[in-house]
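As written, the chain order gives the labels A, B, C, D and E, with residue 1 at the start of each chain.
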Amino acid sequence: MDLAKLRQDAAALLADGRAGLVIGFRERAGACVPAFVTDADQADALVYDDTCIANLAAYLRKPEIRQRRPVALVARPHVMRSLILLKAEHQLQGDDVLVLAVGDDTYHGVLTLAEAERLLNETYADLATDAQVLAEIERLEQMSPEERARFWSEQFAKCTRCYACRAACPMCYCERCIVEKNVPQWISTAAAGHGNYAWNVIRAFHLAGRCIECGACEAACPQGIPLMLLNALLAREARDQFDARPGYDAEAEPVVGSWNKDDDEGFIR
Amino acid sequence: MSPDTESAAAPTREHRNIYQPIPMTVADRRDETADVRTLRLEFPGDAERTRFFEAYRVGQFGLYGMPGQGECVFCVASPPTRTDAIECTFRQAGRVTAALRDREVGQRITFRGPYGNHFPIEQWKGKNLLFVAGGIALPPLRAVIWNILDRRDEFGKVAILYGARTVADLVYKHELAEWDARDNVDLVQTVDPGGETDDWRGKIGFVPAVLEEVAPKPADTIALVCGPPIMIKFTLPVLAKLGFPAADTYTTLENRMKCGVGKCGRCNVGHLYVCKDGPVFTVEQLKAMPHADM
Amino acid sequence: MTQTSTKPDAATGADAAAQPWSPRIVAFVCNWCTYAGADLAGTSRLQYAPNVRIIKLPCTGRIDPLFILKAFEQGADAVLVSGCHPGDCHYTAGNYHARRRWGLFRRLMEFTGIDAKRLFFSWVSAAEGQKFADLINAVTDEVRQAGPFDPTNPARKRPWT
Amino acid sequence: MARVGVFICHCGENIGRTVDCAAVAKAAEAFPGVVKSVDYKYMCSDPGQQMIKDAIRDERLTGVVVGACSPRMHEPTFRRAAFEAGLNPYLLEMANLREHCSWVHEDRPVATEKAIDLMRVMVEKVKKNAELRPIRVPVEPTALVIGGGIAGIQAALDIAGGGKKVILVERSPSLGGHMARLSETFPTLDCSQCILTPRMVEAANHPNITLMTYSEVTKVDGFIGNFEVTVRQKARYVDPEKCTGCGACFEKCPAKKIPSEFDAALGNRTAIYRPFPQAVPNKPVIDAEHCIMLTKGKCGICAKVCPTGAIKYDDKDREVIVKVGAIVVATGFELWDHSAYGEYGAGRLEDVINGFQFERLASASGPTTGEIRRPSDGRIAESVVFIQCCGSRDPKRGVPYCSKICCMYTAKHAILYRHKVHHGRAVVFYMDVRAGGKGYDEFVRRAIETEGAEYIRGRVSRIYRRKDGRLVVKGADTLAGRPVEIVADMVVLADAIVPQPGASRLAQMLGVSYDEYGFYSEAHPKLRPVETAKAGVFLAGACQAPKDIPESVAQASAAAAKVLGLFSQPELEREPIVAKVNEVTCVHCRACIQACPYGAIEDKEIKDSKGNLIRTVACVNEGECQGCGTCVAVCRSGSIDLDGFTDEEVLAEIAALE
Amino acid sequence: MKILDASKLSDLADTLAGAGYRVVVPVQDGDRVRYAEWSPGATIRTDAFPVNSAKDFLFPRSEVIDRYQLDGDDFTPLEVRPPAPRTVLLAVRPCDAASLAMLDTIFNWDYEDDLYNARRAATTVVPLVCTRADAQCFCTSVGGAPDSSAGADALLHPADGGSRLILEPLTDKGKALVEAAGGALADGKAAPDAPADVPARFDPDKVRAWLADNFEADLWDLLSYACLGCGACAYACPTCHCFDMQDEATRTESVRLRNWDSCGFALFTKHAGGHNPRPDQAARWRNRVMHKFSYIPERFDLVGCTGCGRCARLCPAGMAMLEACTRIEEEARKAPAHES
């Protein structure tokens, strides 16, 4: 991948004022962490590799970041999908962001959101769910309901309700999350038992048809809860049942919130 | 050997749960405005009552709660000189205040307190007192006012400037009338322009402007200011201009609190805990705080 | 849902233990079709199992998935959701929205350990009193077979310690 | 504190037989917040209602739950009683102890226990209920009628006659619609134009009716009582103020060979034309597509001959915005294009015509002045075959539904033909004859028995042209069970009735739903056949489904009655079951806006005192919201809620079952 | 000298569990290591940093602190006395043990929190000296050490190149534990391994001095850009102690819960009316740094951070206290604090 070009482009964007901020990755103690570059001469610190899982689109909900619009983001295809989806959900204007597009070990250059949408549909139209995740979903589906309940009981018991999953997810942009609503209290505040179940299940459902499977939430979870199993399950169902392809079309209707006369109703008596 | 869990675990003194409140009975309730209510609360027994009044100094606050709904922080709105019950006055704004507001006479709520610091009125003996209050922030000063009036001879002149958005928003209307009728209290009431009624006899104007107009003398006078942040913001410069020293000007902070006992970490302003080191601060202290949030 | 008539509003715990288990089913139904269908079952004097408690909503479109979660959390053995047949929605499309929502949500519930045998969806029109009665009987039977909802299921509320 | 009153009705024996009402009342007494709980024989009786009213006053109740029959039965009764006693009616709820309990269970303890649960659910709900007030929306007492056919004319006249203003929009240059093209009408055979044209003139002259012909609706905003409709008035190139309708222009117009739409292309018109002699308004327009002046820039004859200087070649389309409180849609129908039927000549055989063409041939004002002549050579048709169900009831190639009016008009055509060509042979192929209606079956019998039409039950399999130019019609007589072959001069196809092209586009503009063919959907097929699901939009005529004239007129009058009802008060009062947005927590993801079946949710910009945009949020238009709550369930942040069925209320109900 | 084979740590856990202790040890859990109650068959991992801290067992993430029976419109208070089982925190990190001093202070500096105290009194703390550190470790910068015995009742030293462990009792509780361990420990000799080399990375006093003067510094924006506002750092932190109180109720019972909370959450200080004294993430992150390096030192003469580095290891956004402090020290060097 042409990292030099990426750095050069980032520097140029800042130097000529096309971007007020470049968000990418830098190396710290052997790991990649998000980097916030405001001066052209800092652009050389930018790096990129496969360990850069964080979805930088999540930063666009921060007012202090938005203030520096337009913001340029280092974005792999999944992140580009988040951006398209954020636009579809009216959280972004087309000219709020520029994309330093990376993917398949290639640097694609600086793209507008519209160009990123085109690139996605031309080159990355078939981003598949991680095979390991799919295999694990299928393994769980072979289990009895009781075994599955036990599996999730153990997983959700780990949840401390730190909400790192929510923070890391670009699609979790509500200013007051449902879990923080107390009139009425939807979800128990205790980091245990049914509260943890309700929280994780509802978060997954709120992403139904919206999850672009970037994996940032699972990577963010300090406790190692396999959150992508839930998200990928719903992504699979939304795709299989309703042809959902979130993040490929900024004009698309949301999957939950639209309907088709021919939607499956085999489960309805 | 098998260690004895009990003996090792047991603290040396009696186990006390500092988060457990006591039940209080609603003895009376009054509507101050359309959404502001005063509850008069009686203690479950003399022991609790005595324990409370041994500790209570004016300016302190408590946590009032309803099991199942939660707790809410308000000042104790009655003075330590009246020891049969306590009063609190609050505006209905959420789940807990709605539940408290719903309580009828004879029903119970929970209470913890008194917490926090207090107005140092013992240091003010012989001094003049100026109270400036706005809207729903009169209750903390009301406790001080009655405390002073109940010991009237020990203090100098008492002047009160109280303003609200409209006549309907004035709280403690019957007590305002009572203060107004006293010749040893100088009460000025005001409402914001447009908030007056046809029979309104008080002033019309915002509190800071009326304060400037009335121009109380700063000599030997302690000023106490409670009100919405915007009122405080514009009142403090007026007081300073009139010559009230920052060290003799007091106000209260109302940061969000949960525990009330200096644990939960929510109310701090710099290294100070509003629930322990406050809620009463002088303006001089506020100026020294990193981001006195007024 | 108390299971005794002698102490009707007593706490569930003690009495439920003494009584043989009987399914507790919460039904979320729309006002215009299924609620009216249940009314018709009533006016037709059709007898059916007494285990279902109906919560009326204007439309299946109103049913938040969290309602279902809450019902399970609070001890329901099963949840039934029922509304207008496709094309019959009083609000033209609420049931289509609901259908799609359940198409996804039921998968999530199954996947996280709530047996599909405890989740029922149906269309019952205002004319289908008989269908309503049959449905309630069938649902009750099936839940009876499935047995009580496991109190250790992660979705269930457990006593505080 | 909530002070809830509980009232358990025995409904005579209806509830009391299986439910121990006294035990239910006693159990309810122990529910938190319940301050009074009683049972009574007939709660809906006057003394029963009085009991509730007294309790509301004496016990200062903040909520009431009546355990009785289905709320569909007596909720209005009890809510009125509550209102009369000074309690907001929405603080009263009913628990359905009869239809949902006593009538469907036999075991008394079990039914009693269920009744207690049902009561607890409603008590917990009513404690969370909020006072709701009916929503009032101002009503602009002007109606828009879209479509100037008989349905639109009738609706406009009825509304105008009721004293309200009407704007009547017609796409073509004249009122009249299809009815103006008919020769006679079934089953009375009175002259269509004779009965229609007076109504057209009346509409044009009515002081309450503003006519906008040659105009189309291009945009609809707003909601019931307050629509803003954009109408595009197409350029006429003739100043209607100056034009006297003398006709000098179209007599001299050199562009003469333009197929006349009115005559179903059997006759011609000029480029400046009026559609037919009785047109209303009786003023010509220029067809810009064919006008030599407008296409080539030379000619200008009409301007030269016009005695009043009314010709304006520089005329332009204009858009006007009208404010109306209600809309009647009467856009009518069109005939299905039978070219899909290859075996009938696929539209290429000149002498295979449709019903409208036959009407024009039979009309005294038509291209043949009423003589039944073949389009191909103008010879009198000696033998005519009529084929019913052309496209109708043919799910594969046509439409699956019955077009309803074809049986009747075919009988009429056969009779008219026999009247005009006494020796001619009229053969009708039919699948079956549907003649339900006043005098209809008699009319068909008359065609067969008195007028000598030959009715053959069966399908025509093929029509082809012989060398002599006559048509051969091959089919089967399914009653006789043998093939038939008839030589005819002309074949008249009873093409299916389909919606106007563009019907779905208009429906989308209006927010009205439509079926898969494009017919507009009524709000309820039985009980609200005139309303649409979009409040304030009503239907008249064949835009909803195939209809004959009396049906169209009846529905038009019904729509007019609905409109007049709506306009009878200055404000509209609606049940306050509507969604509300919490603007503080709304993040404007627009999920609710996309999900709303009524388009009742809009963007709202929140600005600071200087007018700078702070944020955009969703905003429910109370006038349009119907209260389904779909938006609530799609809102992830819980920022929208439905009055009457709030999240808090529903969760309280669920918790009551714990 | 009490010693045991390093591979026999699980035997020691077994023995102590048998002796009635709740034994908390770092165990493998999926792909993570966490402190958890010992159960036979679990794999003890002392070579990786656990995702949770010792505070979980003294100040649990959710607990009932008050409880009522609801009787219609009235209520009856019920006693709340959470279990305080005799617990040993075995082979925890010295930085976790050190954190208890901070928690002890917070829960007792004025009002005494007996819910905490009961558990604390029943807890024996036995840290394991670190012989390896990673890039996020900075205990030595905040007054700790890889072999610190602060907060410890007994100390485990790796010895003989990691093959053995020496258990050194330091307090009566420690001695009682050694006694309870009985045969799981042997008398013998072993050579303690050298503790890990954790270089001091900054001077907390310099940081504190800079903080005192720089509440409004522009640096806060830059330092907090990456922060996404979750609670991962606070919940992982052994000294973070902020909590929320929430009531939850059925129709017949209500409980008041104490749940962990974090000053990083936007709603932490937000008033019902919408006003938020800490309106952006910069203000919130500043509070986190200030709290640990200025407010707590000011008030209690302690550094509010033990240098465990968990926050940095677990932060999904790459925020790191160490990096913030070194950066602040750098700033302090550039512009020395005013003499006043």
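Here is the rule we go by: a residue touches a chain if its C-beta (ideal position, glycine included) is under 8 Å from a C-beta of that chain, and two chains touch if they have at least 3 such contacts.
Not measured: the values here are computed from a predicted model.
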item	value
Partner chains that subunit B and subunit D have in common	A, E
Centroid comparison with subunit D (C-alpha atoms), farthest chain	E
Higher-contact pair (C-beta pairs counted), A-B versus A-E	A-E
Chain centre separation in whole Å, for subunit D relative to subunit A (CA means)	46
Where subunit B and subunit E are represented by their mean Cα positions, the distance between them in whole Å	37
Two or more partner chains touched - positions in subunit B	94, 107
Touching two or more other chains - residue numbers and ranges from subunit E	70, 73, 244, 246, 248, 250
Subunit A: positions in contact with at least two other chains	175-176, 178, 182-183, 186, 188, 256-258
Residue ranges of subunit B touching subunit E (in the complex, touch as defined)	1-3, 5, 8-11, 15-21, 23, 65, 67-71, 93-94, 107-108, 110, 229, 255-256, 258-259, 261-266, 268-271, 276, 290-291, 293
Sites on subunit E touched by subunit D in the complex	70, 72-73, 250-251, 274
Subunit D - residues contacting subunit A, complex	584-585, 587-592, 594-595, 616, 634, 636-639, 647-648, 651-652
Residues of subunit A defined as touching subunit D within the complex	89-91, 173-178, 181, 183-184, 186, 206, 253-254, 256-258
List of subunit D residues in touch with subunit E within their complex	1, 30-33, 584, 655-656, 658
